[in-house]
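In the two complexes that follow, chain A is the common piece, with chain B as its partner first and chain C second.
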Partner chain A sequence: MAKKSVLGLYTEEDSAADALDNLRDAGFEEGEYELLTGTPYPEGTFGEAEPEHHLFRWPLIGAACGFTGGLIITAGTQMAYPLITGGKPILSIPPMAIIMYEGTMLGAIIFTIIGIIFESRLPRLFMGAYSEKITEGHIGVTVTTEEGRTGVAEEALKKAGAEGDIIRGWE
Partner chain B sequence: MQEHTQLSQKQINDELLRDILTVPKWWLPAVVGLGILVATGLGAFSYMVYHGVGVTGLNRPVFWGFFIANFVFWIGISHAGIMISAILRLTQAEWRRPVTRAAEVMTVFSLIAALHTPLFHVGRPWRVLYWIFPYDFDRGIWPNIRSPFVWDPSAVGTYLIASSLFVFVCLLPDIAILRDRAKGLFVKRIYAFLCLGFRGTPRQWRLQTVAGILLSALVLPVFVSVHSIVSWDFAVLIGVEGWHSTIFAPYFIIGAIHSGVSAVAMLMALAVWLYKLDNYIKPDHFDAIARLLIVVATTWFFFFFLEWVYALYTLDSPEIALRELQAFQWPYGPLFAIFVILSFVIPVPIWLFKRFRRSAKIMFWTTILVNIGMWLERFLIIIPGLVRRTHMTFDWGTYHPSLVEILIVVETFAFVALGMLLFAKVLPLIPLFDVKEGMVFRHLIKVGRKTVPASIREGLPHHYYEKKH
Partner chain C sequence: MATNSAGVEYEAVSEPYVETENSVDNRKDVSDRLLKIHNVTSNRFWQFAALTGLMFALGIIGFILKVASGFDDKDVWGYYVAVFAFLMTTTAAAPMVAIAPRIANAHWRRPISRAAELWTVAGCLNLVLYIPLIWLLPSLENGRRSLWFYGQQASKDQFWTGFESVPAYSPHIWATLAIVSLVVLGLALVWLSCLPDFAVLRDQGTGWRQKWGRRLSLGWIGTTRQWNWQYHRMGIVSAFYFMMLIFVHFFISVEFLMVHVPGWIDSLYPITHAHNALQAGVATMMLTIFCLRQFGGYKDYIGLDQFWGLGKLLLALSLLWFWFWFSSFNLFWYAKKPSELSLLELLISGPYKIMFIAEFLLVFIIPWFSMIWNPVRRSVWGPAVIAVSVLLGTLLDRIRLYVASWDAASRDFVSMLEMEMHEVPEKIVTPAIADIFLIVGFIGGSIFIFMLASRLIPVMNIWEQKEFLLYKAEAQYHRAKVLVLGKPR
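Right after this comes the complex of A and B.
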C-alpha cells in the first residue's frame, strides 16, 4: 500500500514535543514520525529517541582498505620494476610507510564521508511532506504512514497546536 | 565569548544569504580584475610551455626559485585553514562558529594554488603523471616511491581530497537552506541536487555533529604529515647544507600555522569589511584569534631560533658561510631583516594590546605583514641554500626571477581571491546552521547578581544528561 506523509509546523519546542507525545498515544511507532528542524537542538529536546548510528565503523574499514591499497601500490610498483637505486632495498620501508600512511588516512576519510551520507539516510530522492518554513525556524513533525492512517496523524498534529494547515506529501 | 547578538533564524538566513541571492556592486569589478590577473598568469605559463623553462630565471645552481617558494607558502596557508577549524571543533570553542567555513574553503583554494606552481615549474606538467601515477604507461617504468616527489603528490592529494569532502559534508545543511530560499527553478534544482535531500532530522543533525568532530580528528594527522613531507623535499637532500636538517618538519609545520592562522584572521577582517558581517564576527573573535597568534608566532620564532642555533653550533664552514649569505649579504641580508621584522617584531608586540587585538583594521594589516614575511621566509630558505658557493667554481651563480615567474606567482594569489569570491557568491562563507545552533544553545543565566551567557555543549547523547555527575 502506498505511503503518504503529513507535516505539522510548530513555532514552540513544547508544542512539537506535545505532537510527538500525541502521535505515540495514537499508536504510531518511532520509525513512523520524524522531527524536522532548521538547526540542531540538544538531543532529547522534544523527547525524541536517540538516533543510533554506526559511523565509527566506517573509518576503520576505510583505513584497512587504504592501507592495503597503499601496500599494493608501493610494493607492487617497486617489484614490477626492480631497479636498485642508491644501494637501497627494493622494498624500502620508510618511503613505503609514508605512502601507506597517506593511503590509510585517505581511505579512512573517504569511507567516513560515505558513512556520514549513508547513515544520514541520504541521498533522499523524494522530500515527502516538507515546508520551507523549517529552515526559517519552524519545527516540523512529519508522519509517514499508510494512506488510511493519515487522518489519525493529522488529528494528533492539530491537537498539539500545529500552525496553519497540515501539509501533505507522497513518499 | 561575552559579545553576542541574539538573532532569529530568519534574520540569519536573510543576512548571511543576502550576497548570494543578490549581487553586491563591488563584486563584478573585483571578479573581472582578478580574472584578468589569472588569465595573465595562465598566458605567462603558456608562453613558458611554448618557449621552455629557459624563460624563467632558473639556471644552475638555482633550479628551485619563485615557484617552489610559492608552493611552500600556499601549502602553509592551506594548513591553518583546516587546522584552525579542526582544533576549534574538537575543543568545541564557541568562537569557531563563524570562522570555520571560510578557513576550510581557503584551505581548498590554497591547495589548488599550491599545486599550480610545482606543476608549472616542471615545464611539461602532463609528464608529472609518469612519475606519480602508479601505472606503467609504455616504457616499463613505474614510479620511484623512494623519491619525495612521489610522497609530495600523495600527501597533498590526500589533503586536497580530504579537505574538499570535509567542506562538502559540512555544507549540506546550508545548501538545504539555499534550496528553500532560491528563487529560480533551475537554481533551486541545483541546490536540491547538491544537498542530497537534507531535511534536518535529529539523525542528520547528530551525524553532522559527529562528522565535524570525527573528520577533524582524521584531518589533523593528514595536516601534520603534509607539511612534514613538504619539508622533507628539502630535508632529505644531503647536498644542501641549509636544508639537511632534522628540525625542518616541525619548523615548517609551525611556520605554516603562523602564516595560515594569520590568513584566517585577514579573511575575517575582509568578511567584516566586504560583507558587513559585524553581527557574526565580533571584536571578541579577533581578540581570540590574536591571542592564538601570539602563542603560534612565539613558538614559530623559537623554532626559527633553534634552526639557527643547530646550524651555527656545528661550526661547519659551509654552514656558517650559508648563514652569512642568508643574513648579511646583498640582496638576502635586507630581505632577511624585513622577514624577521614583518613576521614577528612588528605584529607580536602589537597583538599584546587588547585594543589592537579587537580592531579588525589592525588585525588585517598586521596579518598581511606576517604573510609577506612568511613568503620571504620560504624564499630565504630555498634560494640562498642553492646560491651558496660550493667547491666547484663553475657552479657559482645567482638567481633573478623573470617576469614569467612573477606573473605566475601573482596568478596564484589572484586565483585564491577569485575562488573565494566565486564560492561566496554561490555558497555561504559563514556556516548558517552552526551560527543558528550557537543561538539555540546559548542562554543567559544568573550567577549571583550578574547575568552571564552560558552555552550548552553540543553533540552530547541522551544518556549524558541522565548520568549523575
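Right after this comes the complex of A and C.
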C-alpha cells in the first residue's frame, strides 16, 4: 500500500515534544515519525529516541584492511629480499610503520567515504511532506504511514498545536 | 525523574535554567541576515577578484614557462617547489582552525569555521601544482639517502623474482596517494559542513544559488538522524584530515626537501614542517577573518573573541617554532660532523644568511614580542599585522629551504651521503621571471579560488550560528550581567 506523509509545523520546542507524545499515544511506532529542524538540537530535547548509526564500523573495517595490506606489502617485500640493515631484525617495525600507517589511513578514508554515502542514504530522492519553513526556524514533525492512518496522525499533530494547515506529501 | 510516553526517562525541570535567544524569529533572522550578506557581491569584491585573477593568469604563464623548460635542470625548479610547499603550509593547514576548536567545543570558532574549511577548495590548486613534481622528483636510482631500501636487497630468488628491489618510484607513488587523499578529504569536509546550508540556499535562496543549493543539498531535510550523522561524519573526516595533513608534511619535507641535501639527517624536521603549517594556517585564517570583518560585511559576527582565540594559538605556535628550530640547530651545532657543518653553512650562515635572519625576525621575534602585550593581542589590527609577518616569514623559510635544497639536488657530489664544505653552493639561485610569476600567481590564484568559492558557498556557517542560539544566554549574576555558554553533548 502506498505511503503518505503529513507534516505539522511548530514554533515551540515543547509543542513539538507534545506532538511526539501524541503520536506515540495514537499507536505510531518509532520510525514512522521524524523531527525536522534547521538546527542540531541536543539529543533527547524532544523526548525522541537517540538515533543509531553504524558509521564507526566503516573506518574500522577500512583501517583493518589497509593495515593488513600495508603489513603484507612491507613484510612480504622484506621476506622476499632479506637484508639485515644496521643489525636490526629483518621484520623491524619502524621502517614498516610508514607504509602500514599510510595503508591504514587510505583504507580508513576510502571506507569512510563509502560509508558516509551509504549510511547517509543520500541523495534523498523523495522528500515527502516538507516545508521551507524548516530552514527558516520552524520545527517540523512528519509522519510517514499508510494512507488510511494519515487522519489519525493529522489529529495528533493538530492536538499539539500545529501552526497552520497540515502539509501532505507522498513518500 | 520523569518518563515520557515512549518510556524514556528524563530529568524533569520545573523552570528553565536560563532564557536563551532561541526562538523562531531569531533563527529566521540569523538565516536572513547571513543570506543577505552572502547574496551581495560588492564592486570592491570584483575589483579584488580581478586583481587576484590577473595574478593567477601570471601564475599560469609561469607554470607553462616552467614546464616548457623541462625537468632536467633541478635547480631552476627550487622556487616552484617552494611555492607548492608554501601553499601546502598555509591553505592546506587553515582548515585546522575549524577542526581543532570544533573538537574542543569552543564556541568562538563558529563564525570562522566555514572560512577555514573553504580553504580546502584552494587545495585543488595544490594538487595541480603537484603534478609536475612527479616528473621532477628523481627516482631512487641517483643513490641519494632515502626512506626506502632501494637497491639493497640481497636475494631475488625467492618469490616476486621480477623485482630487484622496492620500485625506484616508491616516493612518487606514496606521496601522490597521500596528497590526493588530503585533497579528497578536504573537499569531503567542506561539502559535509555545507549540507545544511545548501538546504537553506535551496529553500531561501533565489536564482542560480537556489539551483546550486538544490543540487548539492541532496535532499537534506534536517531529521534527527541526519543531524546525528552530520556530527559523526564531520568528526571522523576532520580527524582523518588532521592525520593526513601531518603525514603529507612528513612526505613533502622528506621527499622534496631533506633527501636532496646529502648529510641532512634530522628526525625532528618532518614534524617541524608540520608545526610550521599549523602556525601559518592560523596566520592565514587570522588574515582571512580580518578581511571578512573589514571588507566582507561580517563585522557583527567576527569580533574580538575570534582574534583572541587565534591570537593565543599563534603566540603558542610561534614559541614552539623556536623550540623546534633550536632543537635541530643545537644538535647540528654541537655534533659538528663535517656534513652537518656544511648543512648549517648552506641553510643558515652561508648564502641564505640574510634570508634566515629576516625569517627568524618575522616568524618568531615579532610575533613573540608583540603578542605578549594584551592591547595588541586584544585588537583587530594587531593580530592581522602579525599574521602578515608570520606569512612573509614562512614564505622566506620555504624559499630558503627548498631553493637551497633543489640547488643541491642539481649538483654532483663526491658522496651522495654527505656534503663537504667546499661543495656548499656559494650563491642564492636567482629567481627567473617565471619564478616571480609563479610566486605571485599561485598565491594570488589561491586567494582567487577562495573568493570564487565564497560566492557559491556561504562563507559563514549558517547552521552553526543558529545552533549557537541554543547555548547562549545572558544571566544576572549578583549585580552583573554575564554571558552563559552551554556545551553541546
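In the analysis below, the second predicted complex is superposed on the first by the 137 of 171 C-alpha atoms of A that agree within 3 Å, B and C clash if a C-alpha of one lies under 4 Å from a C-alpha of the other, contacts with A are read in each partner's own complex, and residues count from 1 in each chain.
Note that contacts are C-beta pairs under 8 Å (C-beta built on N, C-alpha and C of every residue); 3 or more make two chains touch, one makes a residue touch a chain.
The structure presented is a predicted model; accordingly, all values stated were derived computationally and were not measured.
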Report for A:Ile93: first if it touches chain B alone, second if chain C alone, otherwise both or neither. neither
Which holds for A:Asp21: it touches chain B only (first), chain C only (second), both, or neither? second
Review point. So, A:Glu30: does it touch chain B (first), chain C (second), both, or neither?
Key: second
Of the two partner chains, chain B (first) and chain C (second), which one does A:Thr11 touch, if any: first, second, both, or neither?
second
* Should A:Pro42 be classified as contacting the first partner (chain B), the second (chain C), both, or neither? -> both
Review point. Is A:Glu102 contacted by the first partner chain B, the second partner chain C, both or neither?
Key: both
The shared contact residues of chain A with chain B and chain C are 34-44, 48, 50-51, 53, 55-56, 59, 76-78, 80-81, 85, 95, 98-99, 101-102, 105-106, 108-109, 112-113, 116, 119-120, 122-125, 127, 130, 132, 134-137
Interface with chain A, chain C side, in the complex: residues 4-6, 8, 10, 22-28, 31, 147, 149, 152-156, 158-160, 163, 165-166, 174, 177-178, 181, 184-185, 188, 192, 196, 199-200, 202-204, 218-233, 236-237, 240, 243-244, 247, 463, 466-467, 469-470, 488-489
As the complex stands, chain A meets chain B at residues 34-44, 48, 50-51, 53, 55-56, 59, 73-74, 76-78, 80-81, 85-86, 88, 92, 95-96, 98-99, 101-103, 105-106, 108-110, 112-113, 116-117, 119-127, 130, 132, 134-137
Within their complex, chain A touches chain C through residues 11, 17, 20-21, 24-25, 30, 34-44, 47-51, 53, 55-56, 59, 76-83, 85, 95, 98-99, 101-102, 105-106, 108-109, 112-113, 116, 119-120, 122-125, 127, 130, 132, 134-138, 140
Given the complex, residues on chain B that touch chain A span 8-10, 13, 134, 136, 140-147, 150-151, 154-155, 157-158, 161-162, 165-166, 168-169, 172, 176-177, 180-181, 196-211, 214-215, 218-219, 221-222, 225, 229, 433, 436-437, 439-441, 456, 458, 460-463, 465
